[in-house]
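Presented below are the structures under discussion, each in the form of structure tokens.
In what comes next, chain A is part of two complexes: it sits with chain B in the first one and with chain C in the second one.
Moving on, here comes the complex of A and B:
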């Protein structure tokens, strides 16, 4: 057998093929299976026959009226994604500019801001459940100063807002890191030159900082929009899957597929939701990418 | 002439960092630090209160330093088992997952496989797959691995995420001369990969390992779907199950939260550059 530079020619394949087969089997194949399942009435229970029902599941998604839980979740998903993307990017940019110094205090603060992203949804969810504890958490004590009170996550009218806030708190550190990397790549002599020309802070930010970190803006906007369109784990922890006020598409998918309160699981319909969401995210991400790249070139 | 330029230069220099700006920056930094540290500190403070101390003085500092909450969390709800489960899932998934990523990354980086560029594209595509919760659930049922720690572990292991791309990128920076001299010395492919390359690519491998370990440790949805029995729960899901059961014992709940968070905080404090490197890598490849 012919040898390549590192022994037998077959050796690399001997490592590659089984490794890729394993990853493909458990990660890639389920994606294909999701597509197939979306055309069936599968319940996921053994013994119940599975029939192909064509595009019925997709029709159910799009025929949905105002009172429908799927369209409600779709609306929530879009609101959640747009607000999250705007808030995360504004706050991350401001925090990154504020902390863009090498003193110990700023470096420590940057580490603490990044901490929630690594703590995970269960811990972050518990921290804020405890914080918003209606029976006397710090948030309630704070409202007490003004002689008012709230049920917080239990209040249907503000629960969604609080979920968006906790999500911002959890993930803003990620974008801060990316903006910080972008800011540190801006050559300092550009600012010195601008200062000599008498440019003030606002002018320097608009004319130097923003154009120079435009690639970081593109990255951050794409990451936060894709991430927030897919996100549901944190909401699952904070308010559960059954609450329509905070339900997003992925969470509605979970509720439909695995049931809550004795309903028959509709895993075919859930798979169709997954496919629609996948296509929607793809279209939004690619469109935004093209627009942002064009803006970058103009700057 | 010289005097006037000096006079002009002087106010500019003080303008660069006037005292007011310095104070403003420090105050802003403190406010940000407070916003992110306070909720965590509040939970730690509550965890150190006894039940009575908590209800008599909800928002005050602990006076009891009741470490007994931590012991209770282990004694009353079997948190020790949940933590062991989590350690098992996390270490298995991250170790095997990183090894699998290396096995696919090396041939791609050296163009030893046909269509290496296509393979790279496949791994990029895999980052943007639809939610496969339902299909993975049905798959494990078919394989007889529903409610099995092995089934759950297999799914976590296969979730390699960004790792193959990250390792491929790093391996490209290792000169081909290394491969050639190893081959001349008669070193076999797998020995070369798992001794020489592992050592050379350590920063990328550690980053990949941490990313997958973190994702495994923090995973809650798959575990909720795949694992029916509490004895198999990872700590994060154990914490959530615990919270619905002991919803009134806030100090105990706080202690349990700290227990789940502590391993991550310790790791993060000691290996911070890998965490941040991982975030940046994920961002620019993704």
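Moving on, here comes the complex of A and C:
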């Protein structure tokens, strides 16, 4: 029997207790509280009586899908998630393959690519807001060479694209690290054998690299999808919460929960929306997970 | 004392109970250290004052806080200045945590400081969060405090809720006028317009002379809403006229896409068309810089901006005129404004007595006059000299001003596009709707949908 520091057989289970307590208190309890709140008309103000109103909030959510706001936000969220996931994974994979060498330059470049993730949302938002400043910012000056100009983040038609681009810039490094780890686990003799057999770079990538890093692909795709379906921080910093062109579900939730302009905060309704969002993300994530796992096993 | 050791490990480590005791003590210590706060003097009381306010008021209040601390050793004052975008959310969270001693009271939108009119409640609207909280007893009634008498009783009475005084108004602002660059006007050879046709002529002349007429910070969205206030102030020149329109909108007698509403949006469109073509991407502070540096001839901003412009460019020759929204010069010649900053004490304030002491100190004539001078705001105490900063605005203060439209139109229907009833957010280039008619139609549709949901 293995010895452990306290000598009790139950010690490993005991060791879990602090971690469970922490997660239970800070994650599980608020989640249950949100679920309960979603059946009330709480406004988040102290002292104002809170009433149970059953599933009214959910009905309201699905009804107001008819109006522009929620359906617009849902649509934007899905487009954002799909585009972000595809783009980040493709770029991260290509960068990881390119930098999969052992020389100092590659190591340095990998760190540089990872740097934006470390900067944090506020700094990244500031950098790109300044970059896209329509009054003489670098992007405007660049366009000026070609004789055109743009409002960038204020232009309804391209604001969303710009936001996706900045999101890609910020998080590609994270995926690169995961892909690099996956790539370095591929045995080098497989590549040597393939070279001897006459495979070129594209064939090697398709037939050896991709199958061998399937777990890394699963991880990255899942993280990207789950993250981008609920991501709003960067969008908030770049374009604010009130811009319909870049409105995503999490941002609408934030606006409704804390009020904006003339509307009273409605935390009951926001809790209901967050429950719906939770179910939506859960379904998408589990479906993807099953599909990707099956692909992994096949390979 | 020596510690017995066996095989390189102290003997006591091998005893189960000793290990458990050691682990328990270590974790208890760690937790208690983490819970320890790093407060300095145990006797010090700190009062927290989070505010959203202009840069002049920030300078003034920081100095006043320091002076108060000197006169009152043992009380520390932590005045915190938050951004207009999202500041109220932070204050709301702190209020829920009981960490606020003084703040601005109304944490929601501007017009929520008085109870909703009956037609609003009949139409499905509600009292603002502020009013609901006051009625639920969440804010202290300050009617009996000595410092209340120092303030203009008209202002105090206008803000009473059910007879009680819950806010101490400390400054006011005008929001319906137009700041202009006197030098640029002279160079282009234009004079201050008094009617709308003259206004349009001035704008055209400035364009022809290569001068950008307006600076607007569209990226932050709310600066564009000020373009609504000037026309409304001129076209509905009395409080009664504005309340009448509000009632007609709420009862459904007047639609949001009716000709009178669209007429106001036409003027907003004129302003949008004559601002920087990319103003929807320009932030408020950048736009302020544009005007201060003479890159634009006019800007629609509240008088809170005066201090910023003069600090950014001390050589700026600043002027202020009433927005001429109608063809009647006399009708145009007045201003609309609102309460700017007010103090309120929540019922769960940790140190209400010290908070009241601070407000008492703030309200004394010398300190208050200093605040008004440095902040460049309009005073709410009688017999206080307004600031040099407001020299350009002084003529406007000769007569009383009415409440601006955004403080008259009480709107709390969930999900509507625009707080002021005007769809300034979606009119091009701020949004994708090209004409004022389309913009107001969208507001009408969403208003109708929101009322259906209610």
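Criterion: the second predicted complex is superposed on the first by the 269 of 299 C-alpha atoms of A that agree within 3 Å, B and C clash if a C-alpha of one lies under 4 Å from a C-alpha of the other, contacts with A are read in each partner's own complex, and residues count from 1 in each chain.
Assume a contact is a pair of C-beta atoms (placed from the backbone, for glycine too) under 8 Å apart; a residue touches a chain by one contact, two chains touch by 3 or more.
All of these numbers come straight from a predicted model, not from anything done at the bench.
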Superposition on chain A - do chain B and chain C clash or fit = clash
Figure out whether A:95 sits in contact with chain B (first) or chain C (second), or with both, or with neither.
-> first
Looking at the overlay, does A:146 come into contact with chain B only (first), chain C only (second), both, or neither?
-> neither
Once the shared chain is lined up, is A:28 touching chain B (first), chain C (second), both, or neither of them?
-> first
Which partner reaches more residues of chain A, chain B or chain C?
-> B
Which partner does A:129 contact after superposing on A: first (chain B), second (chain C), both, neither?
-> both
First, second, both or neither for A:243, with chain B first and chain C second | second
For A:156, decide between first (touching chain B), second (touching chain C), both and neither.
-> second
Return first, second, both or neither, reflecting whether A:223 touches chain B, chain C, both chains, or no partner chain.
-> first
Superposed model, chain B segment overlapping chain C, candidates 2-10, 182-190, 254-262 or 272-280 = 182-190
Touching both chain B and chain C, residues of chain A = 5-8, 44, 46, 129, 133, 258
Chain B residues touching chain A in their complex are 12, 16, 25-26, 28-29, 32-33, 35-37, 39-40, 42-43, 46, 58-59, 99-101, 103-104, 106-107, 110, 112-113, 122, 126, 128-139, 141, 154-155, 157-160, 179-180, 182-183, 187-190, 192-193, 214, 217-218, 220-221, 225, 236-237, 239-240, 243, 250, 253-254, 256-257, 260-261, 264-265, 268, 272, 275-276, 279-280, 283-284, 286
Report the residues of chain C in contact with chain A in the complex, numbered from low to high.
-> 16, 19-20, 23, 85, 88-89, 92, 95-96, 108-109, 111, 126, 128-129, 132-133, 136-138, 218-222, 276-283, 286, 290, 347-348, 411-412, 414-416, 419, 425-426, 429-432, 442, 446, 449, 453
Where on chain A does chain B make contact in their complex?
-> 4-8, 11-16, 18-20, 22-23, 25-31, 33-35, 37, 42, 44, 46, 95, 98-99, 101, 105-106, 108-109, 111-123, 125-131, 133, 136-138, 141, 169, 173-174, 177-178, 181, 195, 219-220, 223, 226, 230, 232-233, 236-237, 250, 253-254, 257-258, 267, 270-271, 274-275, 277-278, 281-282, 285
Residue set of chain A touching chain C in the complex reads 5-8, 43-49, 60, 63-64, 66-69, 129, 132-135, 140, 149-157, 239-240, 242-245, 258-259, 261-266, 269
